[in-house]
Amino acid sequence: VAEPKQGWTLGELAEILGGELSGPSDVFIRRPVPAGYSDTEGITFAENAKYLELVEKSDVAAVILPESGLESNKPSIRCEAPREAFGRILALVAKELSLSEGIHPTCVISPEATIEEGASIGAYCVIESNTRVASGAKIYPFCYVGENCRIEMGAKLYPHVVLYKNVQIGERTIVHSGVVIGADGFGFFWDGEKRRKIPQVGSVVIGDDCEIGALTAVDRATAGETRIHHGTKIDNLVQIAHNVEIGEHSIIAGQTGISGSAKIGARVTMGGKVGIRDHVSICDDVNLGGRTDVVNDITEPGDYWGSPAKNAQKQIRVLMLIEKLPELMQQIRRLEQEIKELQKKIK
Amino acid sequence: VAEPKQGWTLGELAEILGGELSGPSDVFIRRPVPAGYSDTEGITFAENAKYLELVEKSDVAAVILPESGLESNKPSIRCEAPREAFGRILALVAKELSLSEGIHPTCVISPEATIEEGASIGAYCVIESNTRVASGAKIYPFCYVGENCRIEMGAKLYPHVVLYKNVQIGERTIVHSGVVIGADGFGFFWDGEKRRKIPQVGSVVIGDDCEIGALTAVDRATAGETRIHHGTKIDNLVQIAHNVEIGEHSIIAGQTGISGSAKIGARVTMGGKVGIRDHVSICDDVNLGGRTDVVNDITEPGDYWGSPAKNAQKQIRVLMLIEKLPELMQQIRRLEQEIKELQKKIK
Amino acid sequence: VAEPKQGWTLGELAEILGGELSGPSDVFIRRPVPAGYSDTEGITFAENAKYLELVEKSDVAAVILPESGLESNKPSIRCEAPREAFGRILALVAKELSLSEGIHPTCVISPEATIEEGASIGAYCVIESNTRVASGAKIYPFCYVGENCRIEMGAKLYPHVVLYKNVQIGERTIVHSGVVIGADGFGFFWDGEKRRKIPQVGSVVIGDDCEIGALTAVDRATAGETRIHHGTKIDNLVQIAHNVEIGEHSIIAGQTGISGSAKIGARVTMGGKVGIRDHVSICDDVNLGGRTDVVNDITEPGDYWGSPAKNAQKQIRVLMLIEKLPELMQQIRRLEQEIKELQKKIK
């Protein structure tokens, strides 16, 4: 399985990247490959000795190296920032998932919906009343967009996205397949006999330049809004509960769960499988390690980890002590023995 | 993004709620909003001092207060149970996701399926043979309902639900988008060379008045039934494995996973990310804190927490001792020192 | 909810299984049921005393017993391997989810796609250009198969599967509903002001005889391939990140998450909710207990458990010591007391 044909000579690539060529300029490069991958038409990058070791063992056409410090026998291009240069090659070969312009004839679109000129809507989409899809927005097949939604310019809904209603998707925001936005928040009360549903009447607002990973759920607010601010990126299988607010440029890794009404600051990063308790507040510039549980407010920027979350350095120390519990146990037994001997001597 | 126009005067609302009006009766209220939210046409509620503090800082048209104990300068309605009164306003503005009555012409419905009069089936649904959809049931666009299913009166399948086959959805039960019910249980055996599939021939029965959150998976039984009893509410991204049984009126928060053949009692509550081992049994009236792992049967009602689960009070004590491990370490070092000094003195 | 009629006499079943009949040969058996399940037309199995106890309490038509060691008053068939024999009955009654042969007229298939004779494609599928669907492959309703994919012989995509593009599904591999394969890997870099997307241009290769559980996400590689080798079985709601590689015949339970570029060996088993850090490498024949976090390479086969993962035996010992922390604390206090007394005596 491979993309259709493409390619450059190494000389062409050196020019595109503004880097220094070392080796024959006519080596033919067809695609970027990861470090350590063998592909006689591939180019990779090495930003440090570890990567270079992987590259040297592999059979690859060329490598992007930093301006100094690393040497390779392979044809190479030296650049100031090899990883960024490699990213530029990725961008050269990246191709949008295909979608024809205009509205596919199989779509079921409410006469009260507004589809602006220049929007693309794929096969078998359903778009309900009072919804507006802006120019340049792309909605792939099998999306359901309920009433009263706004899909802003350049936003993308990949195949099989569901927006219930009152959902706003900001400019250039990407929503991956299987995402469900605007389902009922999980709110019930016990009436003495059974659990009764608290109606969920709020909405969801996703800002500009966000990305929502595959199979992530963002519930609508009980009242008011569940809100994700500009530039925040969310991975796959994440749960965002009702009335959550997440600040700008935050990053949330896979399988994380954020409970109702939690408020997350800007530039917060979360590793995988993090859990945030309901109504908790986390300030800006906090980093949470994988599998961290936040059960109390975090008011100081910094690195946190563990369950419950604490300062990451402190957590590592506690963890090391846990590892040493068997030794600790022996130490205590030795002390007991020594005390007994002392007691005997004194008697 | 907001619902179409609606609203009441504060006087009208006081009458609807049967509460005592304080302030001008002609203040116009358009919508319920969360405490702390500023909306000059919004009404919120304060059931305690913490909520009231949030409300007082916000710019809101009116507030629902308890009959005594809290004072506000804002227009207010005093009610016996402010949270419940607020819930009644939520119910006033709540509107069902739109769905036309009858069967949309794009549906692909087996001639051996039975759709009762008064059922609504949206665009692009597929319904297979021997399936019955009862009157008043609503099936939103893009649902797949396999053979031999029963969708009872008033049940709702939101867009993009999949029922494999032999699945029963009880009366008034709500199934959110992206839910998959009846996929193969995860059963394999190692034949010495590779893993071979154990055929999964059972069914799934979901009781009345249940709710299944977005992107939750409920596998069908190997043989017999996977069964969720009346009134149980399940959040998003939950995994319910083959042959699991969950009692009535239980509540299971997001990203929890329940392994094969586990038996869960009635009125059990689980926080987020709980894990239940296969074949484990949990009695009625058990509460499991977030991220708890249950690896042995629980036979006594009560609160449990931790990994593995233990009595919540005991778990908190253990956790506090873990936090104190650095001190413990120092204490032991001090004891060692004191013993050495004693040893010197005695020699 | 039950499958249409089927059945055998106990004598017929004994012959099919090659087992020894005990009791009347004309007992009518309609279906296999789990041990402990009451069904007067059901047959179950007991491979040990615990199962037999369950069976004896239930009202079932017959039971499969081992050749010796267990006795029952119920009609029975004695077989060498009761569980395997029961599996054979499961296979007798197992029926494929229904799907008509050929291409449903509602499908939207690119003229540049190739659908081989003998493939079945259900209602409302979208198949894009340069994709090939092999003979005997089954694609159920509402699947989206992007450009340049390969669906090999006998592969099954259940309803509502999404393959972005450049995805290969091996022979006889089963992909359950709600699975998303080939979404963008989660790669961003901080440019000093905001997070920028690293283009994801790679592909996904799933081998033969694999199974991918409902609502699991497998991201495509940044460059190169995300790869799952032959015979590996993956449960529901699992996250497989970009550039991950998983060896043959591995088994991965629900809600596990494997981060970018991790390399997993052959015959590795993972319990539920396991987390694997990015770039980590795990050798063949490793077993990871539920909720284990692997943060460093594992280079020795064996059983591992905990967060972070360690040898399972060692982990159990540490866990038992944690449980004993309250006692440990008391012990230390007692030692302190004894030392004080010694100090007094010596003074």
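To keep things simple, chains are lettered A, B and C as they appear, and every chain counts its residues starting from 1.
In this section, a contact is a pair of C-beta atoms (placed from the backbone, for glycine too) under 8 Å apart; a residue touches a chain by one contact, two chains touch by 3 or more.
What you are looking at is a predicted structure, and each value in this text was computed from that prediction instead of being measured.
Asker: Report the topology of the inter-chain touch graph, choosing from line, ring, star, complete and other.
Answerer: Drawn as a graph, the chains make a fully connected set, so complete.
Asker: Quick check for you: after a Cα superposition of chain B on chain C, what is the rotation angle, between 0 and 180°, in steps of 5?
Answerer: 120
Asker: Taking each chain's centre as the mean position of its Cα atoms, how many Å separate chain A from chain C?
Answerer: Spacing between the chain centres: roughly 25 Å.
Asker: Counting only residues that touch at least 2 other chains, which ones in chain B make the list?
Answerer: In chain B, residues 124, 142, 160, 178, 215, 237, 255, 273, 322, 328, 332, 335, 339, 342, 346 touch at least two other chains, as defined above.
Asker: In their complex, what parts of chain A are in touch with chain C?
Answerer: Touching chain C from chain A are residues 1-4, 31-34, 37, 83-84, 87, 90-91, 93-95, 97-98, 104, 106, 122-124, 140-142, 158-160, 174, 176-178, 209, 211, 213-215, 231, 233, 235-237, 249, 251, 253-255, 272-273, 290-291, 319, 322-323, 325-326, 328-329, 332, 335-336, 339, 342-343, 346.
Asker: What residues of chain A sit close enough to touch chain B in their complex?
Answerer: 108, 124, 126, 128-130, 142, 144, 146-150, 160, 162, 164-168, 178, 180, 183-184, 186, 188-189, 194-195, 197-201, 203, 205, 215, 217, 219, 221-224, 237, 239, 241, 243, 255, 257, 259, 261, 273, 275, 277, 293, 307-308, 317-318, 321-322, 328, 331-332, 335, 338-339, 342, 345-346
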